[in-house]
Amino acid sequence: MQHIAIIQRQSPYNSSGGREALDLTLALAAVEHQLTVIFSGDGIYQLLPVNLNNDFSLKRYQQGFKLFGLYEIEQLYICQHSMQQRQIQLKDLAFAAQQLDAIALQQLLAKQQQIVCI
Amino acid sequence: MTTFSLLLTTSPLASQSFASALQFCNAAVAAGYQIEQIFLYQDAIFAASAEIDLPADEPNLSQLLAVFCQQNHIPLLYCVTAAEKRGMLDPGSSFIGAGLAEFAMRLTNSKLVQF
Amino acid sequence: MKLISLINPEITIAELATLCDKGDTLLLRQDAVYLARRSDIRWPCQNVTVLKSDLEVRKITPTTGISIIDDAQWVELTASATQVMLWQ
Amino acid sequence: MTTFSLLLTTSPLASQSFASALQFCNAAVAAGYQIEQIFLYQDAIFAASAEIDLPADEPNLSQLLAVFCQQNHIPLLYCVTAAEKRGMLDPGSSFIGAGLAEFAMRLTNSKLVQF
Amino acid sequence: MQHIAIIQRQSPYNSSGGREALDLTLALAAVEHQLTVIFSGDGIYQLLPVNLNNDFSLKRYQQGFKLFGLYEIEQLYICQHSMQQRQIQLKDLAFAAQQLDAIALQQLLAKQQQIVCI
Amino acid sequence: MKLISLINPEITIAELATLCDKGDTLLLRQDAVYLARRSDIRWPCQNVTVLKSDLEVRKITPTTGISIIDDAQWVELTASATQVMLWQ
């Protein structure tokens, strides 16, 4: 069992990164690793709402964030600097996570054994 | 009336580009425009093999685009040079292998829209 | 009038500004529509538009000064533009 | 002594990542380190098919990596889920299809280096 | 025959963009289109020297820029702003092109019928 | 000490700075070695290194304050780092 941080840096539909980082997160948690997920940069756009009712031909994979609880992934964080830069507030998010400043993020990463950045 | 040529360069899974291109084509054809070609370059060539073997629950943009092109008689071409560099053999799908020269010649009387 | 599509929310406005005229039209599509929320961006063109379907799937309300176009208008803009360009 | 796991996520043609990973492996093995696995995820899975059919004048990083792994008994795995989403069938190359669970388990006693 | 501008925006070895944009440029010129190539952003790194004598397992495709003359491609430009931002001077380049400021670049693009950006 | 590899010359230093400690080591590799030419970048860590082979193929001389390491040193740094991270 290891402490692993996944840093989500991609916007939801500009690459397969967000979706495949989620798959990876769940797979790592399933074999008892301790996961921490950090949304940074354009990755925080993944947490904004998605309309489920209109025509859209890509997978709205963000629904999968609801599985975090089931996989006992509770360490969910957002980079405060990235939020401010993009004029996004916590109330704008469809999926909640805790905002952290630079010092708290650095302390969080210092506790990890592995870091994956996608 | 304007005739369009479309150029795609990213793989169908990577981004929304295939979906957007299809959306544009639908609206263009509905408004009476002609489409001279849809040309897949760089990683977009992977659509030619992705058409065939995707899991059923996966959105298959390659296939949707192929069906649309068939119905509207639009040449759906992938670059053979880009495919070779990636080790992709002709997958025998409804995408047609073509050289960059064919893209260049078809461009002559059309307006390029890159996706 | 050039029509320039942005599809990525990554901010590269300074570089884009070197290539675009005041009279060009910027079209925010795909994930670039997230930029339509922001009031702090100084766009290098007077006309900034955003594609309706891409806004709707992301439930975004654009800031003032950005106009919304549908698919048919997108095609017309593309047909009437002197050049069409994708900024990627 | 540290054991490394390598994770690759971009296609072999796209960037220098395969070359860099091979360079790192060579130096690590020369210094006596063990490599637990090389795992190909996202677009890196295309290496499994690129190994076979590249033109002769094209640098074949997929093949170089495969040969290196064979000589040094290093498991060279590609993610079957990522391959399915891209419509890539098992190309019958020397790359081995594996689930993310296998990657996760092999990670346990090794240090991850992402390329 | 059309006037086509290719905008090269990628660094040489971080994607296949530079190399495949070159292939495309030559192919378009071969069927009598009038090509203009603009190096902008990280694309200007493609013009810096490459060592031909050491071990490197990617194609040093920048050698192909020498073919521009053969294909009668003479309109080669660099974005001045990108050069300054990256502290690159004309004397640093292995392959010469003309520096243009924003206004000149805009005028150049206004003359084109097609623009490809890679 | 985290070891953070940069492989892309795109400048995202402000965002990177939120994730890295003063005591971390930055390693410039692949196309990120072009950044080693520049004297205007305020790196968020004290130790900035660059990989010799990637410098040499690009014929770059790094600016003062950036140290050069070879492949063997790269492996040792990786083995001794408390965390290894790729910034992409």
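Going in written order, the chains are labelled A, B, C, D, E and F, and every chain counts its residues from 1.
Following the convention adopted for this analysis, contacts are C-beta pairs under 8 Å (C-beta built on N, C-alpha and C of every residue); 3 or more make two chains touch, one makes a residue touch a chain.
The shown structure was predicted, so the numbers you read here are calculated from the model rather than taken from an experiment.
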Which chains contact both chain A and chain C?
-> B
What is the chain whose Cα centroid lies farthest from the Cα centroid of chain D?
-> C
Same residues or different residues: which describes how chain B and chain D meet, taking over half shared numbers as same?
-> same
Which of A-B and C-E has more C-beta contact pairs = C-E
Would you mind pulling out the distance in Å between where the CA atoms of chain B average out and where those of chain D do?
-> 30
Taking each chain's centre as the mean of its CA atoms, how far is chain B from chain E in angstrom?
-> 25
Residue list for chain B, restricted to those that touch at least two other chains | 13-16, 43, 58, 85, 111-112, 114
Shared-contact residues (touching 2 or more other chains) in chain A = 13-14, 16, 56, 113-115, 117-118
Shared-interface residues of chain F (touching two or more other chains) are 7, 30-31, 53, 84-86
Go ahead and list every pair of chains that touch.
-> A-B, A-C, A-D, A-F, B-C, B-D, B-E, C-E, D-E, D-F, E-F
Listed in rising order, chain D residues that touch chain B in their complex are 11, 13-14, 43, 46, 49-55, 58, 62, 84-89
What part of chain D is in contact with chain A in the complex they form?
-> 7, 9, 41-43, 81-82, 85, 99-101, 103-105, 107-108, 111-112, 114
Residues of chain C touching chain E in their complex?
-> 2, 12, 14-15, 17-21, 82-88
Footprint of chain F on chain A - complex, ascending = 7, 9, 38, 40-41, 79-82, 101-102, 105-106, 109-110, 112-115, 117-118
Chain A residues touching chain B - in the complex, by the definition given at the top | 13-16, 56-59
